[in-house]
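Heads up: the structure comes next, in structure tokens.
To keep things simple, chains are lettered A, B, C, D, E and F as they appear, and every chain counts its residues starting from 1.
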Amino acid sequence: MQLSAATWPEIRDCESDLAVLPVGSTEQHGPHAPLGTDTLTATAVAEAGVEAYREQTGADVPVAPTIPVGVAAEHRDFDGTLWVSPDTFRAYVRETVASLAHHGFDRVVIVNGHGGNTDALREVTGTISREDAAYAVAFTWFDSIDTEEEMGHGGAVETSLVSHLDREAIREDELPAAREGASEGWGEWVAGVNLAHDSEEFTDNGVVGDPTAATAELGERLLARSGDALAALLVAVDSRNRGDEAD
Amino acid sequence: MQLSAATWPEIRDCESDLAVLPVGSTEQHGPHAPLGTDTLTATAVAEAGVEAYREQTGADVPVAPTIPVGVAAEHRDFDGTLWVSPDTFRAYVRETVASLAHHGFDRVVIVNGHGGNTDALREVTGTISREDAAYAVAFTWFDSIDTEEEMGHGGAVETSLVSHLDREAIREDELPAAREGASEGWGEWVAGVNLAHDSEEFTDNGVVGDPTAATAELGERLLARSGDALAALLVAVDSRNRGDEAD
Amino acid sequence: MQLSAATWPEIRDCESDLAVLPVGSTEQHGPHAPLGTDTLTATAVAEAGVEAYREQTGADVPVAPTIPVGVAAEHRDFDGTLWVSPDTFRAYVRETVASLAHHGFDRVVIVNGHGGNTDALREVTGTISREDAAYAVAFTWFDSIDTEEEMGHGGAVETSLVSHLDREAIREDELPAAREGASEGWGEWVAGVNLAHDSEEFTDNGVVGDPTAATAELGERLLARSGDALAALLVAVDSRNRGDEAD
Amino acid sequence: MQLSAATWPEIRDCESDLAVLPVGSTEQHGPHAPLGTDTLTATAVAEAGVEAYREQTGADVPVAPTIPVGVAAEHRDFDGTLWVSPDTFRAYVRETVASLAHHGFDRVVIVNGHGGNTDALREVTGTISREDAAYAVAFTWFDSIDTEEEMGHGGAVETSLVSHLDREAIREDELPAAREGASEGWGEWVAGVNLAHDSEEFTDNGVVGDPTAATAELGERLLARSGDALAALLVAVDSRNRGDEAD
Amino acid sequence: MQLSAATWPEIRDCESDLAVLPVGSTEQHGPHAPLGTDTLTATAVAEAGVEAYREQTGADVPVAPTIPVGVAAEHRDFDGTLWVSPDTFRAYVRETVASLAHHGFDRVVIVNGHGGNTDALREVTGTISREDAAYAVAFTWFDSIDTEEEMGHGGAVETSLVSHLDREAIREDELPAAREGASEGWGEWVAGVNLAHDSEEFTDNGVVGDPTAATAELGERLLARSGDALAALLVAVDSRNRGDEAD
Amino acid sequence: MQLSAATWPEIRDCESDLAVLPVGSTEQHGPHAPLGTDTLTATAVAEAGVEAYREQTGADVPVAPTIPVGVAAEHRDFDGTLWVSPDTFRAYVRETVASLAHHGFDRVVIVNGHGGNTDALREVTGTISREDAAYAVAFTWFDSIDTEEEMGHGGAVETSLVSHLDREAIREDELPAAREGASEGWGEWVAGVNLAHDSEEFTDNGVVGDPTAATAELGERLLARSGDALAALLVAVDSRNRGDEAD
């Protein structure tokens, strides 16, 4: 259930105390995939998850509109990348969750499509759960499922999911160049420490991994798997005593 | 040109120093119109404006993804309304504009769909233009055109535009009740001062004005007119010396 | 009743829960009017208002000292203009109101003499009323009365009121030059949007309007009218249920 | 030279790079002295200082309007006391000084009338001098002269100066009670540490010291002495290399 | 070289642009290990690392004093745990690094002893490297070496290292109870998401893992290995072009 | 009782509601004394104080780990000096005290070794005592006892105490030069105002006073006297009604 598409009395009549808040990013995904990749995937996974949950439980969970700009300064050397500071991102997420909780949706699962958001989401969900009138956790889809291929950045995994969602969104003729300019791994590691703070330090075209290995079929499997994982998480969050109730 | 749909090399090749950033809100619009009304309308007006500009000038202007949650605490008593503090909203807008400017899009028109964002946008565009490496102004579509009907809230104007954009989005059978519970004007005024800080202080169902007067045809005219007004603004912003250049 | 002139036991014995907080600005008002114009006028209107209220109701309302520096960066290109950021201004106002409320004066009318403060005051009075232990509204005198002449900036209206309050304060021999270098309107408008963030973008000497049309007699009428309007507002604020009591 | 009373061209023509910013407080001063005592005294000392400086050097120094609310939470238990947090106070002072420096007045002496502001002013003048485009120091009049009597709070020193400035401002018939309820010293000391954070912990009526020892004649001497001390400071600040110039 | 033990001329004469900043935590480590475990280990590893680096290169690297309180709210249900917010922690680290850089030590390796600090350190080192006049990375010793045993919390790894550093610090008679009340893993996982924000949600006595498997000999190996890893990192940081130099 | 050396059950079993938090600084102390002087002395005084208190009362008071970096920008021109902003310092202290109070240690004496921290500590202990669930005061050892010699900076007093604590820490052969380059007093005073914000404005080598007058014997007396003074303060804090209880 898209919160944005509902009217306020329809939301009032919704009995859930669960809500889902998708969080994406607008950032380079190589020469072949759109800047909105993470927003597109987070939105799709959120929808698949609440649909799977509805099928299992019969209950509707509202999905808030997707936050489109996240923590992505590490890609700022590639054109079109948008970002806010982690402080601003956390505040935006925290206050949006607080307004959901104001209406009784006080168990919120944040569905995340971008690795760079992960640390900030772990922190802000801890803060929310400890200090605010809500419980929140963050679900990053590619960390929650078997992705079959290496995740990378703009690699086989993301390219597959985008391809499944909107085949036109992938520039197929750019795929060979995308592979060519890609790095094999994320970062530049010495003694367990990544010396690189920005992606341009280790990848020429912004890609990590091999996007030519992507298929829409893999994308379809990833979406189904992510939806199932999210539904399982919603079940667990729904039935769980909150941390603050154990105090 | 949707920035989110483009790849980074496509944005790199875009020669404009103009960009458009739509800003909406997710908030009650009465029993008949969706919570996402302002996000829907801001997005549509932004697209209409850059299309009209492209037709006039041949130049493509990137449209950033729409910021979906704004300054809307005044509607918090109606379910589903989401909001962030004005401070967080300004920071989110300011930093998003700074990242556009980082890539050379340093003349930014913010296209706004929500009256409650107006003060904060006037402030933050002043701050950006004075202190940051960008020039920004905010365009609120219903303040820039002849709306034919009273603006209100969830009234004839917004209902018409939503109806034109997505006829299914309006709950037609709720329209009589929407009019019934509406107030005639916004606020509770004494000596030029609005004593009410929240909409529930003066409207029973969140509506101000008469949504039964809405028509999709009016919506179509509003969109065309808004697009033209935005295109005219883009022309002016493109050709103007910036304030800081006059220092 | 000037709070500053009273002793603490006198304030303790004051039974009102109303208070007035004047807010001015120190900023250019052309070559003929003093930088302190807005502080002078806000102070005078506040006094006139509580006097009119006392005559009507017999009740004394304390007037806090006038805050002298506000949101005026838009005039920074003219010498002597002082300003703080909107954030600092809001904090200063909010905390001053909180200290009034600490002593039981928890219905506060802010009397404002400067257009540039208006947005910030609307925001901070909303924040105070929603989140703090007080109710506050802002009264900008020239927005609350029939001013007879165009408001402008340093134009006929303000010049008249200053002239009435302190005839020596107006440099009469500068009036012709003041009119000469003035602009006719505030800002530079395209499609309902003001492209100018600073006043020096559209006025040579800081003046908007025609100060030669000013008279002390008009000033006297403006003061009386503003005092009456403020008294009417105090009556309304005194008798009104607060927003938070309606929750 | 009162900055507020001047026009912008008059300030433009002022050749000084010195400015004076008076800072007061609105807070209890016992049953006999007005809440505005510290604002009144800071304003008077600032005027006396620039007058003495003008007599010595022939140069005019602009005096900014007095900031009326300071760091005074320690008196919050006595009615009418107004205060802001030290953070807000520092920001308000710092930004006001920055706007003075914007116009070339980048050597600013803050003239302070309230002991509770002292720590915050020492900090903020250090911050300004190290980080901003200005040099600032704070002058607290009663710390800079021989006061003859013990300073206290609302005691002989302040009562004398107020009495000299405005004899009506002192409630003479309250003086015996003021002495009666006073404490002899400020605070409650053990091992060099003041255990009391608020004045109501050690004084019944807010007074420290003996206000019956006050005379207008002493007040006159205090004012002259303070003005001379401030003039000497202005001379030193005018001729001094700044700290940042030594870097 | 301990910076705290040196005089300022000795630091002035140090030619390195490298510095090490150890960061610990003061938080529960079960009934057998001291609250200062992470501060103790971070300090020891920092010393071992600069000693190993000195042996390899002949160069002395100053070690700043260890920051003793970090991000540890997740342990707040166990007595004696101290913590600050992530915002305050980041500010404290960032400004300390800025003061090191002020003296020319602008390549800073933060040596971390606490898992809860990791996200905040990744963020703040990115911010420092992008926005400040320094390059920084964070080295968390147990993430950089083969620990032989599971890390846990107060488990075999930490208990071994503390035991090696200060055998008296481990309460040996508490070890059986420590194992008894421990959990096997950190957190409560569903679909790749940890539902627990605080450690008391999954461990009775604060321990994760088996501290009875600890030996001082393992501790000695861990320290040597950590020192070597840190020395290798220092070599890499010393020789590397910084990210900002590649811009 | 060192909190860091205890386990959490040992702290749980501690019945005190008193705690001590030492605060030092890492900053230049001339060519003869270590940068860590203030951290060393604050730590030693804290230990001496709780030991003296334990001897008098039989009660154990936990001593938190010493905060090593404080407000010391005034020494930034001398190498190795570390500092954070007063805002960050106050936040770090305030939140550390809040975590002590979370465990029931809600009467906290901060033991300070650095004059530059004094203003910030007075402010933050006031804020804590008024707004948080704790009472706090700050004890600066050299302000609380008869120091026999002038305090200065790196002068006889500090050098004596360091010498007593760790004779090797003082570079004896640098003492003549330390005296040679020292200034006689702190600052550059005109009309009761210190014109110097930084120590390099008035001392060549960072020293104020005469370190050659230092003796370990004086250091021993200073430590004993400071410990006794701190014990007396702890007795007073333990038995005192808090300010908030008097409200």
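Just so we're on the same page, a residue touches a chain if its C-beta (ideal position, glycine included) is under 8 Å from a C-beta of that chain, and two chains touch if they have at least 3 such contacts.
From a predicted model like this one, the values you see are computed outputs, not experimental measurements.
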item: Minimal step count in the chain contact network, subunit C to subunit F; value: 2
item: Touching both subunit A and subunit D (chains); value: none
item: Type of subunit A:subunit B copy interface by residue overlap (half), same or different; value: same
item: Where subunit D and subunit F are represented by their mean Cα positions, the distance between them in whole Å; value: 30
item: Rounded Å distance, subunit E centre to subunit F centre (Cα mean); value: 26
item: Between subunit B and subunit F, centroid-to-centroid distance (C-alpha), Å; value: 55
item: Where subunit B touches two or more other chains, by residue; value: 87
item: Overall pattern in which the protein chains touch one another (line/ring/star/complete/other); value: ring
item: Ring of chains, enumerated from subunit A in the sense that reaches subunit B first; value: A, B, C, D, F, E
item: Complex interface listing, subunit F residues touching subunit D; value: 73-74, 77, 86-87, 119-120, 122-123, 125-127, 129-130, 137-140, 143-145, 190-198, 200-201, 229-230, 232-233, 236-237, 240, 243, 246-247
item: In the complex with subunit C, residue positions of subunit D that touch it; value: 2-12, 26, 28-36, 39-40, 62, 64-69, 76, 78-85, 87-88, 91-92, 95-96, 99-100, 102-103, 169, 171, 174, 206
